[in-house]
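Here the chain labels run A, B, C, D, E, F and G in written order, and each chain numbers its own residues starting at 1.
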Amino acid sequence: MQPFPAAGYDKGISIFSPDGRLFQVEYAREAVKRGTTSLGVKSSEGIVLVVDKRPTSTLVEPKSIEKIFQIDEHIGAATSGLVADARNLIEKARLESQINKITYNEPIPVEMLAKKICDLKQMYTQHGGVRPFGSALIIGGVNDTGTRLFETDPSGALIEYKATAIGAGRAIAMEVFEKNYNADIKLSEATELALDAIYEATDGKTTKESVEIAVVEEKNRKYRQLTENEIEDLVEELLIRKSKEEEEEEE
Amino acid sequence: MQPFPAAGYDKGISIFSPDGRLFQVEYAREAVKRGTTSLGVKSSEGIVLVVDKRPTSTLVEPKSIEKIFQIDEHIGAATSGLVADARNLIEKARLESQINKITYNEPIPVEMLAKKICDLKQMYTQHGGVRPFGSALIIGGVNDTGTRLFETDPSGALIEYKATAIGAGRAIAMEVFEKNYNADIKLSEATELALDAIYEATDGKTTKESVEIAVVEEKNRKYRQLTENEIEDLVEELLIRKSKEEEEEEE
Amino acid sequence: MQPFPAAGYDKGISIFSPDGRLFQVEYAREAVKRGTTSLGVKSSEGIVLVVDKRPTSTLVEPKSIEKIFQIDEHIGAATSGLVADARNLIEKARLESQINKITYNEPIPVEMLAKKICDLKQMYTQHGGVRPFGSALIIGGVNDTGTRLFETDPSGALIEYKATAIGAGRAIAMEVFEKNYNADIKLSEATELALDAIYEATDGKTTKESVEIAVVEEKNRKYRQLTENEIEDLVEELLIRKSKEEEEEEE
Amino acid sequence: MQPFPAAGYDKGISIFSPDGRLFQVEYAREAVKRGTTSLGVKSSEGIVLVVDKRPTSTLVEPKSIEKIFQIDEHIGAATSGLVADARNLIEKARLESQINKITYNEPIPVEMLAKKICDLKQMYTQHGGVRPFGSALIIGGVNDTGTRLFETDPSGALIEYKATAIGAGRAIAMEVFEKNYNADIKLSEATELALDAIYEATDGKTTKESVEIAVVEEKNRKYRQLTENEIEDLVEELLIRKSKEEEEEEE
Amino acid sequence: MQPFPAAGYDKGISIFSPDGRLFQVEYAREAVKRGTTSLGVKSSEGIVLVVDKRPTSTLVEPKSIEKIFQIDEHIGAATSGLVADARNLIEKARLESQINKITYNEPIPVEMLAKKICDLKQMYTQHGGVRPFGSALIIGGVNDTGTRLFETDPSGALIEYKATAIGAGRAIAMEVFEKNYNADIKLSEATELALDAIYEATDGKTTKESVEIAVVEEKNRKYRQLTENEIEDLVEELLIRKSKEEEEEEE
Amino acid sequence: MQPFPAAGYDKGISIFSPDGRLFQVEYAREAVKRGTTSLGVKSSEGIVLVVDKRPTSTLVEPKSIEKIFQIDEHIGAATSGLVADARNLIEKARLESQINKITYNEPIPVEMLAKKICDLKQMYTQHGGVRPFGSALIIGGVNDTGTRLFETDPSGALIEYKATAIGAGRAIAMEVFEKNYNADIKLSEATELALDAIYEATDGKTTKESVEIAVVEEKNRKYRQLTENEIEDLVEELLIRKSKEEEEEEE
Amino acid sequence: MQPFPAAGYDKGISIFSPDGRLFQVEYAREAVKRGTTSLGVKSSEGIVLVVDKRPTSTLVEPKSIEKIFQIDEHIGAATSGLVADARNLIEKARLESQINKITYNEPIPVEMLAKKICDLKQMYTQHGGVRPFGSALIIGGVNDTGTRLFETDPSGALIEYKATAIGAGRAIAMEVFEKNYNADIKLSEATELALDAIYEATDGKTTKESVEIAVVEEKNRKYRQLTENEIEDLVEELLIRKSKEEEEEEE
């Protein structure tokens, strides 16, 4: 990945390499790439966030693997990378959200919230004595400017997506999205697409326990995590769909 | 454990290695692995915490080996790793607990307390001039959302478990749990299971002096350390059980 | 580019090399050179800013690739380099602009704003514990002293231009400007020139989705981003013009 | 002592080695091991502290070799390691003790005092820019929970002992204690045992000038340093006892 | 330039080399030597400052190349070296000047202003965490003690000159001054001398666009930048004078 | 002096070497060993301090070589090592002394003063960003607990002596003291003994100009520097005594 | 000058080498040795300060080469070494002097002022993040304790002299003083002696422009710089004296 040796430029915090790169930021991105896959899809009716949370042990309480978070009534986030870093960012996001509500008496716009998180991240890439955050976030929500879906990386860069993925399965999931995404899809179709993507990105290891799904619907602008029953139904459909596809392929 | 040499990335505090790892955090985890075994089990009636505290000398007052702590009326913790770091974290946990009681006039939720400890730990992994805490904690208690059992590691990650173990005997204890744990067990069964696990994890070196046991019961939401007599009876039963098992195996 | 080896002078922040260079600043300039091309052209009727924002994926919302920003009613900026650094600078510019309006009850002069940004940048090259900003800005606007167009680099140097470019395509774009720029051109001609330059600098990969255009007109001193329709028309004309040119060249 | 080379992990302050050790803390322990021997023994009637203070020159005023200190009316301490570090800790202990008296109008519990010293020590192992304290302390006293005897090391760990020793002669003295200690001994027997231990730990070089002895008695909860006459009598008895023992051994 | 290798003494900020040199200061002087040529000449009627500001591109607005600055009504400065550093120093000089006016109700003496700039520069050579300023300044003005002309370098040293030059052409310009300077010259003669010097120092590349000229006259104590017409006339005369000289030399 | 190589442990400030030593403190002791010889002797009538102050040039004002200082009415000090460090410590001692007088309305006890100096020295061995003091002090005086004589070294250790010496001649002077010191000596005998020691420690190079002598007498508790006449008489007697001794030895 | 290699002890600020030296201070002394020669001589009627200030160019205003300074009405100073450091120290000295006048309503004693400067210098040798001052000062003046002449070096050491010299010519000048100085000389003789010394120290390159002379007379306790005429006369006499001496030598 590095055409010429890093030679020390990657050890000091917040310094440039001769070709203008910030190695600490690039290494923090590696921490994200080692994380589980999380994704978000935007539809004409709202956004859906899906995360892969296969527990490492049956003794783990699956609901404690927090990779999907409510930030405000109308905003949710899916994370990948260092979990403690992500939690830290989510708490700051919730605080910013509440401050906005109190100050302006209205919900914080999704984009403004995403930018505040990115500003914090950028600061941790420019000052000494700290390291960048080792987490990426997909932030999605609905407000007056419609349904919005953002992705932030450890550098503090911010990009709005129609559908995106972070973590180990990003490349595979993005391929699925690029092939099948369509801006006019309904929320239910977006959920199906997201599940297809997580299925591919996790080598087909998707079960009803291994995914968590949240949506923010355009009509009520409310974040809601799907119930276990809803997820069970969706995963069942997914598996039927996938086994059919495979049959078709075999034919 | 390290496929390619750490090459200095592990000497600076809070910097990433090229593959996105934080070596100081991983080394702090090693400090935990060198610690004695502590464990916690959740039952339908409350949680039980058990620690191995075999003293290094007969001159040591066994009760001074603090590996199990009351944090609040309804929360306890078992620790492993650097003992001074653990004590420091426990004191901060107690303070947070009291602040919550004074501010909201109600006991702090177990999860909120666990998160506050994790936030502190995370901060010590991201800023220069400090090292991560070299301690893991099992935090258990009962509150409005039921019986809860959390584990935190030096990175500040937080996972909720049905049953878990930290320290040198973690692998063996987890194996015992995975084989025998059952979500419907009573507290007395959970205690037996925990003692079985500590027995295996310490190579059968469990005596009535070498363990300390605490429970938080669902019915009264009170932390209580078992008396010497109670422990004596439990260990006696354990040893009978184990000698029977061995007899059976021999047959 | 470096006649004798940097030998460590480029690792410490804010120190001089034996020949009086600040390597960290030069490396930050490399970060700008790795960026996309942005440009600005001054005309007798106002300024035009054009940026290349070809998204890396069709899933990206093109409007979220922010490389062109409104700073105040009468000032805009086009950036290249690290996007998070640029956003940080833009926010500070907006704040300075508002402070000026509140304090003096009049719009901030373009030059004063540009200088404040440069002072901030300079500070990040002289003090330890921070790195220089990895972004260049083209700042353009209209005020009592007429139409102004400035460029700042990571060192905090400030130069006023008739037409300028930053990022990967700077050299090619500047060549286009030097050949064809004329101080008396109208704003529409300046826009055409800018599009010609971006076309050359991006190897002819200009489409209606890949550019964003903003103008500040002398007559009303208002920043305005062109609509999709306006851009579509301009790019269509550009492509016709270019295909004619090529035909002529072939003849 | 170090199976694989320390390789720089021991030079930075407060960082972990790959196997989870804090070398600076371990090296500070070496500073304690280079110190003179100090010990404490708990009896049913109170505690006794004994230190070896053989002066290096006849010109030294023996009473100025401070290795045994009164902290409060009811608490004393014996130290080993860097003497200036020890004095610093003792002063902080005295201050904590007075603060407690003023705040709560009652003597500070021995354990609370010991913990406060340990918290301070722990802090010096986790933050940069300082080194750990190069001193161990044996803290003994009497309060409502009875006679207490604690030992702290440079890591800030705290253990309660029946009888313990620090410094160069620790191993030999502990052996004496483990062979002869009995929880029911009177204070006079504890003093004899302590003198036996110091005699062995100093290769029989105990004279009436070379030891200092302090007791805190259960009946009055008062710290008291023995007078020169008392020490003279005790050492005389010790030497008679020891010469008898040797005669017996020879027989 | 360095008889024995710098061997690391030049990497830490503000430390001495074995032979008592401050390498960072010497390297900052190199940054000045890489700058364009600026000069100042004192006459019986006031001072004149001349700078070489040949733009690197025809697209640059020549007036934005700031190398000559008004500091106060009666003081001007010409700079060479890092332009952002120079602007920073000029702003501080202007502030000091205003503070003096407000505090004492009279214009700041030229020497006092020059010393304040030098004190600031010295501070940046003695404290860690900053680098020296990479700029030299020629500060000239008229006050109660007459016409004054100072030069400061990155070390913070201050010397008063009759005529001086900084930047790449310093050596050549100083030679011209030493040959032709005369303390009784009028301001017009001083301006001619300065233009001769800049002509020689820039290899005869002086045009009416490439120089900027400012004067502070003794009679009114006012700083004034010459108009384009004035400069045009002066450069025309210069070129005629120079071509005559060359003819004469040829003869 | 160092059985195994220091290997970097001596370069960082305030860190331990693997065998528990603080090299910076040991090197500061070397600075003391390079200093001139200073000594103090306690008698039944008070203390005497003697320093060797042979000037390096006849142009030096001998009285300006300050190695003996009055700290308070009843306390004096003799120093060796870095003179600027010593003066700094003496000033702090004087301040502490005055603060005590103002606060408690009575002279500061000699021991308390000595401890305060040592606490300051200890602090400079434990915190980063400073170096230890390169000075040792002999502090002597008279107060309610009688005549006291203390020695402090760079580590902040404090020892009370009957007679002691610091600096290059310490070993020789201590030998003289150990052979001839007697606790019942009068002040005049103590002075003779001190002069004998300085004579031996300086290879017999003692003249009336080369020594300075101060006493604090028990009867009036006043510090007093001897006059030139007094010193002249004492040195004359010394030289007669010494030449007799040598004659006797020769016989 | 360094018998064994500095091996890194000279790179960190304010740390001791194994043999107890502070290299940064010794290197700062080298900066002084590279400076021009300055000297001071004490007479029965006051002190005289003489400095060598040969300008490097005829364009320099000789009066701007500040090597001799008035600190207060009754105190002057001559400096050598880094000129910006010296100016910084002189300003602090002037401030201390004014503070004393305001606080105690009387002129500051010469010795107290010299000590304050030395305390500042010492501080810059003991704390990290700064370098020692690269300047030596000769401070002379008249107060109630008579005529005083002090020399301070970069370590902060302070010595009072009858006559002394700093800078490149120190060794030669001191030789002249040691041969010819006499405590009973008048001020005029002291001035002659000082001029002889500077003549020798500068290889006979003394002219009326190259020296600056200041005196503080005992009778009026006023600092006064000699006028150009006075200096012209003194140098003329010097040169006559010297040419005679040479003639005599030749004979």
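By definition in this document, contacts are C-beta pairs under 8 Å (C-beta built on N, C-alpha and C of every residue); 3 or more make two chains touch, one makes a residue touch a chain.
Values in this document were obtained by computation on a predicted structure and should not be read as measured data.
**Student:** In contact with chain A and with chain F at once: which chains are those? Just list them.
**Tutor:** none
**Student:** Return the distance between the CA-based centres of chain B and chain C, expressed in whole Å.
**Tutor:** Using C-alpha averages as centres, the distance is 56 Å.
**Student:** What are the residues of chain D that contact at least two other chains?
**Tutor:** Within chain D, the residues that touch at least two other chains are 12, 128-129.
**Student:** By the touch definition, the chains form a closed loop. What is the full order round it when you set off from chain C toward chain E?
**Tutor:** C, E, G, F, D, B, A
**Student:** Can you name the residues of chain B that touch chain D in the complex?
**Tutor:** Contact set of chain B toward chain D: 2, 6, 10-11, 13, 23-24, 27-34, 57-61, 63-66, 82-85, 87-88, 91, 124, 128-134.
**Student:** Given the complex with chain D, which residues does chain F contribute to the contact?
**Tutor:** Residues of chain F touching chain D: 8-9, 12, 14-22, 115, 118-119, 121-123, 125-129, 150, 155-164, 174, 177-178, 181.
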